[in-house]
Each structure stands twice: as structure tokens, then as C-alpha cells.
Amino acid sequence: SSFSAESTYPFGLLMVGPANDHGWSQAHFEAGQEMEKVLPGTKMIYIDKVNPADRPGITVPMLVDDLVSKGAKLIIGNSDDMKDGMREAAMTHPDIKFIHISGDDVVTGKAGANLSNLMGRMEYGKMMAGFTAAMSSKTGKIGYLGPLINAETRRLTAAAYLGARYAWTKIRKKDAADLKFKVSWIGFWFNIPGVTSDPTLVTNSFINSGYDVIISGIDTTEALVVAGQKRKEGKNVWAIPYDYIGACAASPEACLGVPYFNWVPGYTQMIGSAMAGKWKQEFLWLNPDWKSINNQETSSIGFKAGDALGEKAQKGLADFQASLADGTLNLFTGPLNFQDGTVFLKDKVTATDDQIWNLPQLLEGMAGASK
Amino acid sequence: MIELAEISKNFGRVQALHRVSLKVNPGSIHGIIGENGAGKSTLMKILTGFIRKSGGDFFFHSENIDLNSPKDAREIGIGMLYQEPLDFPQLSVLDNFMAGGTDFSPGNQRTILAKLCNNFSFNLNPENKVEELTIGERQQLELMRLIRDGAKILILDEPTSGISEKQQELLFNALRSLKDDGAAILLVSHKLEEIELLCDEVTVLRHGKIAGYQKCPFDREKMLHAMFDILPVSQPPAIKHIAGEPLLNFHKISSKTGRSGLNSVSTTIRSGEVVGLAGVDGSGQSVFLKSAFGLLQPDSGSISHLLEVKTRAFIPADRLAEGLIPGLTIREHHILSKESGPIITSKSGLAKTRDAIKTYSIKGTPETEIENLSGGNLQRLLLSLISADIQLILMENPTRGLDVQSAAWTWKHLHSRLGAEEAIIFASPDLEEIMEQSTRILVFYNGSITLDTQTKATDYQQLSRAVTGEDSQKQ
Amino acid sequence: MEISIPSLVAAILVMAAPLVLAALGETLTEKAGVVNLSLDGTILLGAMSGFVIASESQSALFGFIAAAATGATVGAVLAVIGVRLGQSQVAVGFALTFLCRDLAYFLGNPYARQQGPQLETLPIPILSKIPFLGEAFFSHSLIVYLSLLAIPGCYYFLYRTRQGLILRSAGENPDGCWARGINPLRVQIIYTILGSSLVGLAGGAFSLAVKPGWGHPQGCEGIGWIALALVIFGGWNPVRVAAGAYFFGLLQLLGIYFQDYFTTIPAQIFQVAPFPLMIFALILINLGHKSKDRKLTGWIKLLSGRPPKWLGKNYKQA
Amino acid sequence: MSIILQLRRIVMITVLALGAVSLLLILLGISPLTIGITLTKGSIFSWLKFNHVLTIWIPLLLCSCGLLFTFRAGLWNIGVEGQVICGAIGATLVLRLDNTGLPPAALLSFALFTSFLAGGLWGALAGLLKTRGGVNEIFGGLGLNFVAQGVVLWLILGPWKRAGMASMSGTDLFPRELWMWIPPGWRVAPAAIVLVVIVFLLTGMILNATRFGLKIKAAGFNPQAARLFGIRPDLVGFTAMSIGGGLAGLAGGVQVSCVYHRLIPSISSSYGYLALLVVMLAGYKVTPVPIICLLFACLAAGSIQLPITLQIDSSLSGVIQGALVLSGLLVYGLQQRKSRGH
């Protein structure tokens, strides 16, 4: 090979789901593969299905031990549920660099200097999802298939709602009261019969109650699959999956588009600086590349329009993106109330990152449990 | 019509049948008698293909045939009424009637059943569950099923044990009319009266071999001689004690358990007594014994013991299934049967076990797992487990499956340990055993005590009438 | 959410279809006296093989055949070791559960999250136009119709045919069967395989119709245990077993609706509720049996059912 | 049974299971040898990896010991998963207590004790449902598994959620001083090893060398006859379920205090089901259990290497475990058939 052994920079990737899940984990996996091209000298070692249900008794620190023994100099953990394990492993291996995706240890000050957090501002992706949903909906009823309730899922759901409300009231010029935006939480990131609600059933009941666009917030693709089935039965419904650029493939004809993560820029930035010996602890919450949100090299968040997205909606989306990009539009701007009627943001006040990150409740106008 | 030639059968090392030959003719009833364990049921099961012979031949109309399964047997018209009913208690009468039949048309079969019932004056509701029927009714049902299937050779294995007088009469009438229609019937029985009443010829089995054959009219003495060789010498027990303190008192005990349950049974058992419980199988003896031990809780009435639980012992009829624990060794049984410390060492109970093996001449070592013991040895083991401080011994069929010598040994042993403070209660289907061994006899009929008498004050005739419910004078 | 009764009924019918098939398959097997505990794994393996074969052949029909054949194979393994060789059926079933599950994930991995053929809905021409009933009952895919027909079919087979009587008698008293010229082992083996093929079909119903697609997680992990529980709960009566499946579906659905009305109660509570409810029902049944109150007993009898006498025991021919 | 016969049985089981899996692999174009080497290397060829194996071995052996009790009593305890979860909940409850003033060691011991109690109660509940409620223990155990799984999710996402936001990663980590001590360079708490060894020895002793063990065996083999020996089979069964549940609960306690240092949704890690396979393969005997646990732990730990080095899905280890148990049953069956002389 063209590199000497010393010049290779192996890094480990721990994925919570299967590498081919057409979702969250596959997005990471493909970015990791991309690194080997973008940053010559790097080499990915990966372990997927890192969760106690699939790998009884195997903990993140154990796997980190193993990756380190294989020469990994940097470890990426891609799930919120690896939070404690990443922190612990970072303590045991002070000379190895750690990137914990979706965590906030850096913000809360719990992380050691060798641990950084990386996340994409999916809020924007979800706003676009909400926007397209409201642009396409005939009934004005949008369903959100939520996993479990926490600050992350609340803020993403709220962002989707804000996008939808904007499209409904500002573009389609309809009464805000006629927009129904409802969240139904299944209780986990995927279906466990007998323990969680069945996402297929939830999507079905959304559609049967007249909701014609379903936005998915869970790991698996039930919402899109059911929407596809219902279309075949002649119902005019759509869905918006999540996480992965290729997620529409499960049922392209029902897919309005997918907000997705692109981890290439974030990885490049963090691994690059670590390779160059310029590592510093960071909390990176990366924006889309507003110039070109689907640029695979530069944009951390993208929205890939689906086959089912109408022309008018597509045009509206472009304008919407443009105004988000130039900052003329910030949807987290008051007046905004919480679901219980208390004030979240006073008129003209915009939310801080911290307020968004730790959103305590859903917003007024959204239906569904907040806690 | 059908002929068995030199049929042998062994179960592992047990030779149950040895070169048995037999002929059955149409239009006649052939009796098979013999003591318990003589091999009667085994022979019949071989004839229906239920179990396979180890050697010998079958001839049907002089033609050598195979009988490898009940299916083969049915094809040539052999049908059997088994000793233990082989039916489906949770299914309905009609389902049982249809099961195994070729025609499945409930409407049609219902009519056939009704017709057959009518012919034999049986009375069965096709919708009832079979478990709700009496043993007699279950037999009636099976019999009608066999006839429906066109059985020309009918085998009945002890059909009269456990059924009422009236049902017996119905059955016998049915058998006679079948015989008149040209059926060949094999009737297995213990009871000489039945044979004399019904049969045209009789074969006596003993220890798996043919011990005699007679044609009607029968010579009773010869038959007994063939069954037992030397007529069992009655050894009247050396009864040392007269009835003393009450040990056990039953007051109006009723129970729904078992075939007939118990109906308001009251009696008192005193120390020094050997009480024999007589009666047709399932008339309440077993429920009585189990209630006395405390295994069953009666539905009403009260039992008062003047004894602690620890001083009672119970030996059930099915030793391996109900009395001992297959999988455990002789020594482990001895450890369990006696109070000792919580820890078991390699020496625990060893001395006692060795002692018991010697005293009771059990063929085995302390580490022998008990499922490898023969019936006689199992019984000896059970007796050896009864410790010296036991005051009330309760037994179901204490000599079942034992040969004459073992049986005699068992009784000698039991009587020898009976002191003034102790009592024995046992049930036995064998009236002679009861007459010989007990000081007092309770006869059970249909869940009630119909006769309570000192042995001295009764005789065989009175007992046999009481057992069949003829003599129901209460005392 | 607003509730539209016909579509609610339709949704339950679809969701419960695989559960009905699996539970009916197990009912047949258990009625013949054999416990097949491997349902959870068999469903996954059936889902996988169904999806893979359907994808390769581009035919959902072949997928269903493969799923049923997979189930039959698993049943055959149980029949050999647990019936023929007389090993504990519970143990064999358990081992099979985990073997099948992992085999499904292992073999199916290359096909995960790919798009494959699905069974299309097939509204029945005239019937589907009937108001209310049409949407609820006559606008489904073939597998849903099959699951609906399987209920009376299974009932009819068990209680109205000669083979059904033979099946039941093998589960009640194999000796009695043998005495009537039927080989109970053969009966048990046949219905272990047949029942298990229905379970495999249930797997196919998941991956080809109800939750089309294959992946890890598949989204039907755990459903086999629920089917097993339903057989006990339904007292081994196919109609009540199926009713239990629909009741389970209804509770699942209500859990979704209840979320709106009881926002403070976490979602998991509603979903777990069927289990305590079923256990409670079984306790009531048991107490009813013990109780001497005739009226109560009469009511409870409607609910109760006894296991086949020989369930799970090994038959050794004399 | 003679040693030679046992060895022959072990060889037959192994050859059968590995042969079948190898055949499958060859058909898929994978070299079984490579897989074997990878699995071995990944489990015992380094101190750290062996530590990982032990991390799995400890709770697995605890659950298996519990199952030995219930199997001896003739009961199918399918509810082990739920019992592990309850034990974990019990331990978490204690470790979350504020201001107890107790020294960490005492609190940890108390937590483990509570986990034993909590698991025991859950097991006792299944036992009670069977003896008093007439609910089949398989069904009761299963139902209780689902209930426990629901409860733990609810606790983690509800009352015990992390400060700030509920998360799938479980409750907040316990303070460092409440982590079981692990020596530098180790990955497994020596105290847990000592605990599990003691539990195993006690299990062996109770089952094989005490009157109580004999009673359990008697009640399991023949409940009806056991009553004649003054044994109350339902009471013995209930006690066995409680002990079995308690030991499973202890496994949950170890998971919480030594491995995860918090309560997580899948805290039971399927050990309950895996342990059932272990004890079945052991033929319900005590001695082989720790060895089989070790083998299964090696397979589980070694399987991580499959995706890393060979890009092969690691469910293969589960396939091997299942195949071993199944061929074990097949071999037992064939040998019994032969000895019956058919």
C-alpha cells in the first residue's frame, strides 16, 4: 500500500443498530467508510448492534478495550445509550480520543478532555419535514410517530410542528386552528410486542382517523411501509421517514422526503483535527450547509425530497430553506407557548441553544403527551 | 375361529407368558381365570395386538396371521374391553363412540348408538362427558362401540370389577345375546361364580402358563386347585390383642373424591385392631385410607386422630407411582423417612439402610435406585421405611403383585410388629386375605360402610353379598 | 384520535392475523398432546425465509410456501426429538426458539431492510361495497382472509371431522388411540408439523403483508410468546383462542387511544396490561373451579378450558 | 454413569452440533476454521478478553444456579428474565438512596441482598400463581417477564429518569464510590467472582448434600409420594421458585452494581433464557453448569470479533449455542432409545 504502517490512523465505530439498518446506524457506517477516502490514512473498525439486548453482557468499555487493542486511536459511539459507557471508557483510556454522538457530556461538564460530542441540528431537518408535510396534507392532519419522551424527541417533534405551522399559516394561508398536529409515542425506539405500542398499528390508526401525512421519529420504517400499503389501497397518504438518506427506498411512492444526517463533515472535522494532533474538546452541533444542504461533503443535515413530493411543495421548500439559510426566518421565535399554556418565548424573543436542547414540553397547538 | 399357539411374552427379564395355547369358538364364551399377575391381561392384549408377543403364532380360521397392532386385530373382528378403560374421559359419549370408527357422521352415529342402547337396555346420553359416567357405563359404551365396529371376537378383561349388580346383569344379558348371534367371547375374571354363570369353557392361567382347562359343567375344586396349586393354607393370625384405646375416629365424613367418594362414613378404630376394608375396587376404601392419613381433606365431617401425623404411615397400592420416589436410592429414602440433621454426609443413614436391607432381605445396595427393584422388593422397602414409632399403618392392597411366599412374609412381619398400642388398616380386593388377616372387617359399597363386623362373627357368604351390595344391613 | 369503528375493526383484523395463525397452529399441536414452545423463533425464521424467497423469486406466493415449509421443518425437529425420541418437549421447544431466532438473523442479514414483494389487498368485489362491513371485513389481503377462515376451519376440523376426533383423542389418551387402531405417535408427529407450518406462515404474514420487510429488529420479536399465552388463555378452543388474539389487538389499539386520555400514564402500562389481565382471568377460572358456588362456576365454565390430558407428556408404546 | 460414557456423550454432542454449523457455514462459503479461531482468540487469548468472558459468566452462572433449584423441584421457571430485572430494580432502589449514612461497602451489600429479595419475590409470585392460583408456571413466568420489562422501562423513562432528560441509556450513574471495586487492569469485580463461586458451591452443597436438597429432589420426582414422607410439595416448589428467583435477582444486582452502574432497559441481557439453555445442556446436573456457562460466555464474548474481523453477523454464536443444546437433546434421546433396546 501507499501508506506506511505508522501513517494509518485506525478509528473505531460503535453502532447501536445493525450496520445495514437503513437508518441511524447505516448513516454512521457509510460516513465511516467515507472517511477512509476523505482522510487518507484512516481505517475504520466497526462493531454494530452494540446494545445489551443483542449482545448480552457486553458493555461499551469492553468493546472500547477491544478496539484499542486493535490499534484504534479514536472511538465513535453513535447512541445516546452509550453515554455512560463512553464517559467511562474515556476515563480509562486518556490517550484515546472519543466522540459521543448525540450526547451532551461536554455541555454538562461531565466529560474528560478526550471526549467530544457531535450532533447535527436535526431541528432544521424536522422543520423541513413538518413543512413538506403541511404543504402536502389535504386534511390538515399530521401525525408524528414518536419513540419515547425526552428532551431530544420533544425538541425534534416541536421543530417539525413549527415547520408545519409555518407552511400551513404562512404559505397556504390557512387558519392555524385547522392544523392538527398530533404525536403518538410508542414507548421505545422500535417495537417490542407486549411492551411498546405497535408502530404499524399506530400509523394505521393515524391514517384511519384522517391523518394523511405521518412523520416518523423512530428507528424503523413502519410509518413509510404502512403509508405505502395504504396508497396501494387507494388512500392518498404519505410518510416522512428519518435518519438515513436512502430511507425512502422502503416505499418511494409514499415518501415525501427524508430529513437525514450526514456525518461526513462532522467526522472529517473531528477525526481530522485529532490526526493532525490538534484535538480539542468540543461540543459540535452542526448546521446544514445552507448553500447546498444536500452536499455530501459539507452539509451535516440534509433533506432529500421524495418521489411523492409535489412540485408546488418542492418550490415552497426551496424558499423555506432559503429563508432559514439567510437567517430571516427563525421558527423558534416568540410568541410561543408551551402545551400547558405557559409562555415559552415572549414576542420577538428567539430561543437559545440551551432552551431548544432542553425543551421541557411540547408546544401549544401540538396534541399528545409531553411527559 | 381364532387359535393362539404357544404364545410367549417377556417384559425385559420378567416372563409374563410362557407357551400359552388357546382356542376360541364362535357362539361360545370362553373364560380365563387366574390369580393376580397370572398373565391374563397380557395374553388378551397380545391377542388384540395392543402389545407384541415375544413368540408363538396366531391362526384365524386355520390360517397363520400377524397381529402387530390393534388395527390388524380389528380387521379380523377382534375387539377388546380393557381392564383399565382406554377411553377419552374429557370427550363426549358420542365422540368416544365415534373415535376410531371409520364413519364420521354424528347424526348417523347418534342413531346407531340409540339403537344399540335400546337393544341392550343401556341408558346413555350422547352429549355427556365420559368422565361423568360410572365405570359400568363406560364399559357399556365401549362394548357398543365394539359391536358397532362389527367385532366377532370379543374380549372382556374383568368387566365386572367395579360395577353395580344391575349393570352386571345388563352386561351379562348383552353377552348372552351376542353369543346367540354367533360371537366368540373371551371373558377374563377372578370370580368363579361368573365363570360358572356364563362360560362354556374355561382356561386357568398360573404364572404365565396354562394350568388347566375345563368344559361346562365345571368342577370347582379342580379349578381352584389349578389356580393356586396348593390351596392357600389359611394361617389365622395369632391375634394377641383385644381392641383397646380409640386411635382414629371418623365422624360423618363425606368426600367427592374417587369413583364413589364417601357418604357420611362414621367409625372408630382402636389400638390392637387389624381392620380389613373389603369392597369392589373404588367403593371408597382408598378414599377412606387417604383421608385417615391426611392426604385428602374431606368435604364435610370431622376426623379426630389421637395420634400425631408422625406416627402414621401409608402404603399406597401403586408403590412405584405413589409410594416411592423413582430416581432416589434406597438410602435416600431412608434418610427422608427419618428425622435427622440438615446436612447429608456420605455416612448419613447408611448403617440404618444396611440394617434394613438385611432385615427385610431387600435385593439391592444402599445406592440402588429404587426403580430397579422388583415388586416384592419395593414392598419390603416400603415396610422397612416404617419406623418403630409408627402406631397406625394404613395400606392399600398390601400384597398386590406379591407371590404367595412374599405375601405370607409380609403378613408375618406386620403381625409381629403389632403391639397393644398399634393398629393396622388395610384394603384388599381379596376377601380371603381379609378373612385371614383382619380382626375386624368394614365392607364398603358405593362410598358407604355397609357392614362393620368382627371377623369371627361373619363368613365368606355374608361378606361377598355385602361387597356386591346385596346385603346392605347397616350395623 | 377520532375512532372510526370499521377501520378500527379492519386494523385489528390485520394486526391480529399472524397472531391468529400462530395461535391456531399451536392449538392444533397442543390438542394432539404436544407442546411446541418454539413459536417465537419459528415466526422469525418463517418471516426471514418467506421474505428471502419472495425477494429472490419476486413472488409473495413462493414466500408464503417457504415460510410454511420452514415452520414445518422446525416442527419436524420437535417431532423427532420431542415426540419420537421422547425428550422433554419444553426443552426442545426452548432450544429451537433461540436457535431459530439467531439463525433467522444470521441468514437473513444480507437481506435486511431491502424492499421485497408484498401481498396486495384484494377487496372482495361486491361484499367490500357493503357499508361498514365491507371496510371492516372484506377489504384485506389474502392472508387476512385466510386467518379469518382458519378460525371456523380449525374449529370445524377439530370438532366436526374424523381426523379432528383422531387428533383430539391422541391428545387425551394415546393408549386409547392405539387400542382403536390409530398410531398416536404418528398423529402427534403430523400435527406438530402441521401446526408448526401454520406458525411459519404467521412469520410469512409478518414479513410479506402485515409488517412487510425483513430486518433486525423485525418488530415481531416476542409475538410467539403471546401466541402461546393465548392458547392457554383461550382454553384450547380455536374460536376462543382467536377471540383472545383479537382482544389482544383491541387492547393494543386502545392503549394507543388511551394515551390521549390518560396523558400522565406511560405508554408501556397499556401495552403490558394484557398479561396481568390474562393471569387474573386464569386465577378467576381456577378459583371458580374450586368454588362451590354453582352460579359462579357456571359462568366461569364458559371461560375455562382444560388442557388435553396428555399435553406435553411423552408417549411410550407398550 | 461411567466417565467413558459421559465423555463419549460430550464428544457426540459437540461433533453433531459443530458439524451441522460447519456444514451451514461451508454452504455459505465461510470457513468454519476461521470462525473457530476468531471465536477462540476473541474470548480467551487475552487477559482483558477473558475478563469480558467472566463478566458474562458471573450473572449467567447465578441464573443457572437458580434454575438448578427449580428444575430439581420439577418446575419450569421461564420467568428468570423478569426475576433478573426485579433484582436489578431492587439493587437500584437501594443504591439510589440518599443520605443513608452507610459506608459504601455496607450499602453495596445491602443492595445485593435487596436484589436477592426482589428477585425472590418475583419468583415466589410465579410460584404462588401456580400453587394457589392454578396458573401454569410457564405462562405465569412469561407474563411476569413482560410485566417486569414494562416496569423497568417505565421506571427509567418516568420516576427514575436522568436528571434533565429521560434516556434509553438508563438511570443516572451511581456515584463512583458505589461502584463495586475493580482492580486496575481488571474489568470484572473480584467480589462478584467470589460471590458467584460461593453461590455455586452452596447450590451444589444444598442440592446434593442436604436434607432440604433431597426434599426438593423428592418433590420434583414424585410429588405424590413425597407427601408420604412428610414433604409438602407445593411448599417445596414455592421455596425453590423463591430461591431460583432470588439467585436470578442477584444476577440483576451484579449487573447493576458491577457492570452497568445504573439501571438500563435491557438489564437482564437475556441471561434468563440463556441460562435455561445452559442447564438443559447440562442435563440438569450441577457439575457441568459452570463449564457450560463458561463456554456460552466465550461464545457470546468471542462473537464480537465476527463483525470486526470477518464482517460476519454475530448471531452465529447464538446459532452455535442453540445447536449444541439441540444436539444434546438429540444425543440423550438416541442413547435412551438404545438403552431401552428398541
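All chains are identified by letter, namely A, B, C and D, in their written order; residue positions are counted from 1 within each chain.
Heads up, the rule we're going with is that a contact is a pair of C-beta atoms (placed from the backbone, for glycine too) under 8 Å apart; a residue touches a chain by one contact, two chains touch by 3 or more.
Just so it is clear, the model here is predicted, and its values are computed rather than measured.
With centres computed as the average of Cα coordinates, no chain lies farther from chain B than A. When the interfaces A-C and B-D are ranked by how many C-beta pairs touch across them, A-C comes first.
Note on chain placement: the centre of chain A and the centre of chain D lie 36 Å apart, centres being C-alpha means.
Per-chain CA centroids place chain B at a distance of 48 Å from chain D.
If you average the CA atoms of chain A and of chain B, the two centres end up 77 Å from each other.
Under the contact definition stated at the top, not a single residue of chain B touches 2 or more other chains.
Under the contact definition stated at the top, the residues of chain C that touch 2 or more other chains are 109, 222, 225, 266, 268, 271-272, 275. In chain D, 146, 149-150, 153, 157, 274 are the positions where the chain touches two or more neighbouring chains simultaneously. Chain pairs that touch one another, listed by label: A-C, A-D, B-C, B-D, C-D. By the touch rule above, chain D contacts chain C in their complex via residues 28, 76, 129, 133-136, 138-140, 142-144, 146-147, 149-151, 153-154, 157-158, 273-274, 276-277, 280, 313, 315-319, 321-323, 325-326, 329-330, 332-334, 336-337.
On the side of chain A, the complex with chain C involves touching residues 17-18, 20-23, 49, 54, 148, 182, 184-187, 190-202, 204-206, 208-210, 220-222, 225, 229, 232-233, 249-251, 367-371.
Every residue of chain A that touches chain D in the complex is listed here, in rising order: 19, 45-49, 51-53, 55-59, 61-63, 65-67, 69-70, 79-84, 108, 148-152, 187-189, 192, 194-195, 358. Within the complex formed with chain C, the residues of chain B that make contact are 45, 48, 50-51, 69-71, 73-74, 80, 82, 86-91, 95, 98-102, 104, 106. Of all residues in chain C, only 160-162, 165-166, 168-169, 172-173, 175-183, 306, 308-309, 318 touch chain B in the complex they form.
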